[in-house]
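Remarks on the structure that follows.
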């Protein structure tokens, strides 16, 4: 994710990092080349009786803008829901630990074990969503035995949840907590499960592919045909407006595609590393541990992974 | 469902599978034929004093785009709610089994029976929503007696829920779980019931038919009249723009209709088979069963049933 | 409600039942008459120096479309919320009965009484919302004494809820259920109360009347003035486009008004009879009663009451 | 609030009460005067080389319509949330009383006291939101001692909630209800608190003032400049269209402002008196009291206070 | 925050405080200068064959308005969610205290301590979100020991929550409250945690930066190019319309940016000081304390900090 820097409105017109301009500049150059060549071929194709006016493009432009606006809302809603789920994860983990600590009192080793399971869950969820290998990270938090059992499964997060459930059931069996208290603590387990399930749903089911396809097609066809329509009116100014209008439409189409899959590692995706880091720091802080991990900060291009 | 492949932006312009183009190409060909014939009849109907300008079509086009955008939102919201309900189903089944296991401990036969009931519920819901026969699938998970009792009803899902409730009530009567714990487990039964009820609602109540009708009519009439308005301005270019604009409007109208009923088996419908497969695999994995069913994968046209 | 039939896209252009066309055809004929007379009076009023161009109508048309789109969303949201509340009713009644049965065991007479109260509640809610008399229907489900007590009140649903609450309190006093179990069952009573309250709210508070009024006025004034603006450009084609544009705007205005009050008995209102029928059938099926009521089906015009 | 009367579509074009027309007719007359004077000054300012065309107003008109549509949604959402909160209030009070009655049984005096506290809460909330004095109304429901204690505070609703909490705590201390039952009843207190808090939030935080300001300004400037742009095209017809377009924009701007503060006593504000009356009648009916207050009905202008 | 004053519609056209006009007037002056210079250079650049018509700007204008409308919704939703979270904070704190008081009875010192912790939490959240130092404020509410322990952490709110949890756990260990009651009270702690977590999420994750960037760019480029397009049609009137259209677009772009970060201290940000003040006053009032802090009121520019 790009962390929004505070910039002067004028400076911002020329920002390169974090915009989608990096991704689409080649397509805009193509549009520019097309617009320029159209100027030269204008006399030739006017002679053929071919003419395009701007009026039908006005209908098309507005229609596409409306549908693009709709797709953007849908993709942003996915991004936002994903962020809210990860926010929920942070909230639940903190409440879970607070309750566990205030109920079970002073057995520090048990609490440390529990904090490790909590942290492992967050990292496992992050790595699974990003399709990265789990082992190297998880072995910091799990015992050898736990690690092997977790990695044997196709769903490591789920197994870590089971480890937490076992930890809790163990306390109940020892008579340390009553059924009522168990029920209160167990509620957090269900919330963690809901967060993981929600993230899987977002990662597994994109916006219906036909939406993406129809809009992609209409946007690009529109931008390809636009210079031909603009040239009779604007002549030498065609390239300016053609590239400008194309930028507006293509950049929003491209951004929507980025936001649609918020768990990736692109510029506008969620900073899962940083969120995991925050949760880990918060949990260690609650446990008054001395060795808090270093806080992750954005790099010099304002990127936070 | 079509799983979104990662394609170059240029390749994507020519994708055939998963677009609604397959469904509507004949209508677009009709529009093409009309546009071409309009060019030839232009002198004849201009002589009659008939003229259509583009300006009123601009009002109509924008109005239709706005209403189409609204209907698309409504249909996508149904698709999204349906997906969320099935996501909820997966979450609940996993939490349910996790709680059951950690509370009831080690009686493996009982747990296996419970997992079978859970799996049967998912399949029964899927098959009921798709109006497919239940028997062949359910007999893998239910005993003969259970199966007969379930199939006797017009609402098999509901009966399977009752079997689960009986299983739970049985544990309570045996004194294995207190009322508090029963209440916690029973909550998941209510959630399963809510998922089934939500899906029935979506399947049973479409977007008000008059919306579908009004938009269908205005979109098609608009596309039929469009060539007559474009031809005076664009002449030989009429077919290009007429087909392009028609594609934009008709494809979105058609897609909205697909999304409106998300439980079908069309390209943009929900992959219920794959979701059931995932839930079944997750439950068996939690139960550390050896024989996990094979993971369902998209076919070579990126389709996931 | 009209159940959406599966029709060919071409057939659908000529559907009569279930569209709002039945309601508004006289207004469209008026618009047609006006458009035709405008053609004849054109030379006369051009001589007077009166001229209307299409450009200001373009601004108005788009503005009205946007506000109409907004009102449609608001009215559809009411329709959708109403449907969701009735879906919730079905879910709650089933969960309620399932819990009651699995906790109280085998006293069939008591359960039958409870099922009757549940069914009576659904019918009373339906009849109250539609402002139809309750007595004839309720006497099938309530004892004479109960019936009289219920009908004495201005809020029969609420009294039936009290009967259910008494039934439940009775079981608690007899020591059949603990406070925890009572709390779980009582939760369903609160949900039923919330459903009834939600429906009352929708029935009692329309979309602010001024919205309806402003949009009604602007839409109709727009349609009345439209032929005068179109005629200079389109001449003989005026009636076609004037009626087409009027159809688009007036039909959506009229549909929004229908959806605003979803508990009526118009074509696009909710099929409360059918939903009550489904709930009754489900409850009887859960109780393994022999005499399930017949399933309600749409009539030959695809209408479901 | 204006209760929507069932009117013929034609009659509705001339409705006066309940529209915002009462509020804005003077501004429309100003616009009319401006439009007429513009016709006379046209030759003079054309000689000065001043010309305004409709095209830039088309851009502005659509942009303003979109932003106005957005503000309307935001204000309507506030209205709707406020109505839902008051609906929640009715639901909670009824559930609260039902539970209290079925748990505490037959001590009628205690229940009557409780009903009085419930009613006092509703009235206090209504009067606080409308910034009207509480004393005259509250003394009907509270004892002298309670009344003085309640009125001493800047937050009477909150104190009445405390009285209800004390009533409940008293029952718990007497051993009439267990902790589980107390928890169930207390949940309703929290809901009442949430309703009051939600209403305070809506009353205390308007839509950001700059939205109101920017839209107010652009709408009025737009309407002021509009006649100058229309006059070159439309000449004598300018006043008709200028006033019509102004009506569309100004009435929606004004309505949004009314809906933004739904607790007032304007035509489109919530009928808090009627809602309180309904709750009071429902509670007395549940308590089988003889003297139900008279039902509030709309006056002859369909207004419900 | 600017508290909306009740103004005449005419006065409001000239309001300065609370509009974003203060922020953007220099940019509008730049636009004015550009528009004027364009008038003088018109003959010169027409001679060069450069021409810009308004039609492509119409497409652009509408497209930008739609996307700006979308971004405004997203930013307003953040503002609204932030306000709702703070509303939730007030509700929870009051319910928490009411429950604590009615359950624990008369130990005033304990309750006073608890009220201090509650107040400290609100202030710590406010100061953390605004990145202001905590110490000076918190030392009014916390003991020396508590203060040091809280300030040692990077997350003071979280530590105060732990102090509240300890307070609660202490009561449970003393046997003053049962597990059921503890569970009810503890629920409020989780809600406070959720409020803090929700605020952190809003503060930490802006709307994807590329949205801000793309819209900022297109809006400003549009406003820069607009005078060139308007001048051929409007000539001397160019500056009026150019500045007017620029004001509409730039002010909404700027306002969206303000609302995006609702925890700042700008004109349209949330009045966190006032909300904290209200909560503190309410809590003290519930505790019947004599020394309520003074109510915060807007300053003479209607600003509430």
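As written, the chain order gives the labels A, B, C, D and E, with residue 1 at the start of each chain.
In this section, a residue touches a chain if its C-beta (ideal position, glycine included) is under 8 Å from a C-beta of that chain, and two chains touch if they have at least 3 such contacts.
As the structure is a prediction and not an experimental result, all values here were calculated from the model.
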item: Copy pair subunit D, subunit E: interface residue numbering same or different (half cut); value: different
item: Computed distance of Cα centres, subunit B from subunit A, in Å; value: 24
item: Distance between chain centroids, defined by C-alpha means - subunit A, subunit D (Å); value: 38
item: Residue list for subunit D, restricted to those that touch at least two other chains; value: 55, 58, 62, 64, 66, 69, 73, 180, 183
item: Graph class of chain-chain contacts, one of line, ring, star, complete, other; value: ring
item: Traversal of the chain ring from subunit A via subunit B; value: A, B, C, D, E
item: Touching residues on subunit E, where the partner in the complex is subunit D; value: 1-4, 9, 12-13, 15, 18-20, 54-55, 57-58, 61-62, 64-66, 68-69, 72-73, 76, 79-80, 83-84, 87-88, 90-91, 94-95, 98-99, 101-103, 178, 180-181, 183-184, 230, 233-237, 240-241, 244-245, 247-249, 251-252, 255, 258-259, 267-268, 270, 281-282, 285-286, 292, 295, 302
item: Interface residues, subunit B side, partner subunit C - complex; value: 27, 49-53, 55-56, 58-60, 62-64, 66-67, 69-70, 73-74, 153-155, 158-159, 161-162, 165-166, 168-169, 179-180, 182-183, 186, 189-190, 193-194, 196-198, 200-201, 205-214, 216-218, 220-221, 225
